[in-house]
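Shared between the two complexes below is chain A, which has chain B as its partner in the first and chain C in the second.
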Partner chain A sequence: MRQDIKNLKYVFEPDSVAVIGASPKSSKLGNVVLRNFLEGAFNGSVYPINPKYKKILGLKCYPSVSNVKKRIDLAIIATPALTVPSIVEECGKKGIKGVVVLSAGFGEAGNYELEKELKKNAKKYNIALIGPNCLGVLNPHKRVDSIFFPIYKFGRPKPGSIAFVTQSGGVGSCVVDLASDFGIGFSKFVSYGNATCLDESDIMEYLAKDKETDAILLYLEGTKDGKKLLDRLKKITPKKPVIVLKAGRSKGASKAAYSHTGALAGTYLAYKAAFRQSKAIEVSDVAELFQTVNLLSQPLPKGKRVGVITDGGGLGVLTADAIEENELELASLSKKTTSRLAEILPSYGSVGNPLDLIADADAERYKKAITAFLDDSNIDSVIVVVLFQAPAVDSSLLDIIIRASDRKKKPILIVAMGGEYTIDSRKALDSYGVPTYVSPSYAVEALKKVTDYSFFLKTRKR
Partner chain B sequence: MQELNPFSVLEKYRIKTLPYRIIKNKIELKKAGKELGYPLALKIISRRFTHKKDIGGIRLGIGNEKRLLTSYEDMLEDIGKKNIDAFLVQKMARKGIELIIGGKKDAQFGHMIILGMGGTYVEIFKDFSARICPIIEEDVGEMVNELRSHPILQGARGEKPISMKKLTSLMLKICKLLQKEQIEELDLNPVIINHKGYDIVDMRYRR
Partner chain C sequence: MRQDIKNLKYVFEPDSVAVIGASPKSSKLGNVVLRNFLEGAFNGSVYPINPKYKKILGLKCYPSVSNVKKRIDLAIIATPALTVPSIVEECGKKGIKGVVVLSAGFGEAGNYELEKELKKNAKKYNIALIGPNCLGVLNPHKRVDSIFFPIYKFGRPKPGSIAFVTQSGGVGSCVVDLASDFGIGFSKFVSYGNATCLDESDIMEYLAKDKETDAILLYLEGTKDGKKLLDRLKKITPKKPVIVLKAGRSKGASKAAYSHTGALAGTYLAYKAAFRQSKAIEVSDVAELFQTVNLLSQPLPKGKRVGVITDGGGLGVLTADAIEENELELASLSKKTTSRLAEILPSYGSVGNPLDLIADADAERYKKAITAFLDDSNIDSVIVVVLFQAPAVDSSLLDIIIRASDRKKKPILIVAMGGEYTIDSRKALDSYGVPTYVSPSYAVEALKKVTDYSFFLKTRKR
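After this line comes the complex of A and B, so read on.
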């Protein structure tokens, strides 16, 4: 691994942080970032840097990093673009190994020479440099947070095992905000902007070895080095799943991506080919990205046979349709399961898959059905379609589902369509790592992608 | 630009071509007919026209010398001598499924190879899959499976499945050719394939 990639350790896990361009004014990026560290319970030293002030937010403020006597691991820079290359030089001299440049005004604004100078200075000292023109990084495990969106407006995710690498700060932050609302945890978040020193492939190379990361999400508009991207993806996917959302698939959108970040969006066909070849899981929009991420906390399915449990017949049929359309299979229940289920259903019910527990089903009936499905070796994954609206379904069902999911035997997906009460129930499940979906087809599409990936891993191991 | 003989680049990579001759006059034409044996196909080679079929530049299933000569004269007259650089006399391909195998150089990823259902309606059906070169055997299997029409290749309606071994070997060689010859764009269309093997009926490329 290249030394500057290794040095990402100082970006993600610093013991000391300098905020360059720190400010007492709450509208300034340097103020938001400084407050992230102070209010976010970062467990290390924080040094505001700005020659204009003696003190900011009660902390001693230094004119430059060279005035700080103690070691600094990470510098976050939020000063005007023209000042950045020389600041990075100072950081290098000070021995700082991690730098995040939030400032914009480089290649994306036509200032290519300035960006070259920045790159030269960072390379000279083997600095792991993220940006410029980005939101920077988030490590919920270590409370590292350079995101300049105020905490009250942008929910920070809890610690988790998913790393998110994004070319667009805007798209990335919206996904993280939404995911946080559903209690989905992240191991790392990186908005890498212009990728001047470290690009998506470099960052993923680091994350592939990161113990806190089990899966990687990538939002990509264009790469500057397709061969490298393909090569890295091929190396990572046998170990960790990579979900990728490529923007700029249409001809019109390619142009927008070009002006957006200074990198050529490339022809989509080649990207598609590369993702197929490297077994990255490609999704086509933000909603699908979110849905697939949700599922990664579950065990991988061993096959494509799905069991469906519901208390609403119609939703069961819609789920069965989606299963066939996505080339998965409805499992045929074992004899043992059939007789077990016959005992729990009322006399007017009938055993089958989808299994209709009937509208008067209570949590206990659900529990027995879910257990029977988990025990049946003819079933590889379980979709439970719940009408939280039904009278006999109470909140004890949440506990039953979470406990079943904790057994980690098979993936369990919940489909629940409805208003406020249902949404609250879904959030509770998601925050315990049970993926929930608003529609049967969303659940099945996500399951299909993960099943395909699981098959790929199986053939690789053989 | 491609040479007068588009197939010579294939021969360099030991890719099997249908027996053919490039001819410029009647004497050569007669000789080619005798040596190759009938039935034959006669096609114009023209730098001016890329779609030979649209201008009547292809005659298929020519069964004897008399018909070969009349086809030759008709085409000279209809298309015009100045538009024709030479003629290709080619053994007729065997029966099978029409595929297209293509190549293109991408700015970010380098050469990629495309496999699709071929023939006249390639751009209408748009049934194709792609991979970045170099590829491995497994990739070819996946490319076939990604085609909507894959059941046809795997033996629909009592037909035998196509020779995956021959297709794979051809695709791997084409990837090598694309990279080594620095090809910008390449079309092998159609490639007729059946359970025994393939025949490359037509091709064009651009460096």
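After this line comes the complex of A and C, so read on.
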């Protein structure tokens, strides 16, 4: 591994951080980032750097990193673009190994020479440099947080095992914000902007070895090195799933992508082929990205036979439609399951898949049905479609589902559509690693993608 | 119009209601429904009917409807199935013209004779009978509410102009609950269950003339009379859009539909052809139904040229992808618009469609861009993709968007993905009739459906 890639350790797990361009004014990036470290319970030393101030937010402020006598692992830079290359040079001299440049105004604004100079200075010292023109990094495990979105508007995720590498800070932040609201944890978040020194492949090389990361998400508009990306993906996917969202697939969009990040989107077909060849899981939209990520907390399905349990007959029918339209299969229940279920259904019910527990189903009836489905070796995945609105369903169903999911036997997916009460129930489940969906087709589309990936892993091992 | 269909007036707009099977026990349907009328501010007379009690919830309770001396417009029945036909006979004798039967245990449980008797008795008196085996009706304008889901779990919608006719109470209630949470109003909700007397076509015939209804949603597993449905749809769609969700499209699903409502799903291809021929707007999932409904509050687009405004470049790229993949068009901005926009963008921005307002865009920059897009006759619809998380965006943007939407010039769709702060912003917009979406593709898919419908209306008029 290249030394500057190795040095990402200092970006993600610093013991000491300098915020260069720190400011007492709340409208400034340098203020928001400094606050993140102070209020976010970061466990190391924090050094505000700005020649204009002696003290910021109660901390001693230094004119430059060279004035700090202690070691600094990570520098986060939020100063005007023109000042950045020389600041990076100073960082190098000081022995700082990790740098995040939030500032914009480089290649994406036509300032190519400035960006070259930045690159040269970082390379000279083997600095792991993220950016410029980016939102930077999050590591919830270490409370590292360079995101300059206010906390009241943008929820920070809890620690988890998903890493998100994104070319667009905006797209990345939307997904993370929504995920945080549902209690889905992340191991790392990297908005890499112009990818001047470290690009998506480099960052993924690091994450492939990262013990806190079990799965990688990638949002991409274009890459500067397609072959490198393909090779990297091929190496990672047998060990960790990679979900990729490629934007700029169409003509008008790829023009827009170019003006956004200066990345040549290239022909989408080439990307598509690369994703297929490398077994990356491709999604086409932020919502689909979120839905698929959500499912990674569950075990991989061993096959494509799906069991559906519901207390709303119509929702079962819609789920069956989605299963067949997505080329998964409705499982045939074993004889044992059929007779177990016959005992728990009221006389006016009938056993089948989808299994309609009838509108008067209580949590206990759900529990027995879920257990029977988990025990049936004819079923690879279980989708439970719940009407939390129904009078007979009480919140003990949440515990039942969470405990069933804890058995880690098969993937369990919950579908529940509704207003506040239903959304609160969904959030409770998601925060315990049980993925929830607002609509049968969203659940099934995610399951299809993960089932295909599981099949790839199985055929590889043979 | 058949007399029993006309009598739906008494179901939807009663001045007096009898709750038959009323109960003081909160676990009983007859209790929940009685409470709905008492606590929901229904403006007419309410008569609990139950020979077992003298008083329920402070109201005098009558042994049967014949003991009530005043006129009764609507009877809601929640007694055991076996008792229902004779109760309906009594209702007929009393001159009650509207009846909703919530009770289950008829044809769907194999009791075909009982259902025939129920039908005979209702027909004899020209009663407009909804059900049995259903959730019944809602009319938020008149506070009529037979839904037996507790209010803390299931939000009631505000008055609005959308009518929802659904074969499955569960599916219907999910959509209404979610819609209510987003402040989307309904004119009527009808869960018609077994359709013993009035089926989906009959109810739609009434709604076609209903002044409070501008658009109709239909959830359907199967119909007993396909030709009647096709004829009805053909008559309505030139005047009011009909959005239809047909469940039981696939083989396994149609089997499930049969055991759910006893409806023969028939071949899906026949339905699909009928929807296409009658210009009903077909959707394939509850989420898509919700998304498309949401857009009906906006004017119809005059064409398929879409303008996209965003402060998150990557989200603009994804929206452009969705537009081209759904066979809509990215509009070419007029020269006037291009020069107007050049003035409002910072020097490092560039004018285009998607229009990237850059991450530092404030509400004022948004306002100028939205105005320019609304004024440009090259643009038929406007999609605004907002990062509410961005520090420069404040809540004045909500007013700007709502006022722009109030001009009713073109459809305006908002895309915003994120956690609580973003969701609150979305709800504010939706409650003012501005449709919001969590993902670019969801917005574009809805826009495509509505654009096609608009095209149908235009070609008809020529």
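In this section, the second predicted complex is superposed on the first by the 462 of 462 C-alpha atoms of A that agree within 3 Å, B and C clash if a C-alpha of one lies under 4 Å from a C-alpha of the other, contacts with A are read in each partner's own complex, and residues count from 1 in each chain.
Everything that follows uses one rule, which is that a residue touches a chain if its C-beta (ideal position, glycine included) is under 8 Å from a C-beta of that chain, and two chains touch if they have at least 3 such contacts.
Everything quoted here is computed from the prediction, not taken from an experiment.
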item: Partner chain(s) touched by A:45 [first = chain B, second = chain C, both, neither]; value: neither
item: Touching partner for A:431 - first (chain B), second (chain C), both, neither; value: neither
item: Touched partner set for A:338, first chain B, second chain C, both or neither; value: neither
item: First, second, both or neither for A:126, with chain B first and chain C second; value: neither
item: Touching partner for A:64 - first (chain B), second (chain C), both, neither; value: neither
item: Touched partner set for A:226, first chain B, second chain C, both or neither; value: first
item: Touching partner for A:155 - first (chain B), second (chain C), both, neither; value: second
item: Touched partner set for A:371, first chain B, second chain C, both or neither; value: neither
item: Overlap of chain C and chain B interfaces on chain A (superposed complexes); value: none
item: Interface residues, chain B side, partner chain A - complex; value: 106-110, 112, 129-132, 135, 139, 142, 146
item: Footprint of chain A on chain C - complex, ascending; value: 27, 32, 104-105, 108-109, 148-150, 152-155, 166-171, 173-175, 177-178, 180-181, 219, 221, 245, 247-257, 259-261, 284-288, 290, 311-318, 320-325, 330, 348, 350, 352-354, 356, 359, 387-391, 417-423, 438-442
item: Chain A residues within the chain B interface of the complex; value: 222-227, 230, 264, 266-267, 269-274, 276-277
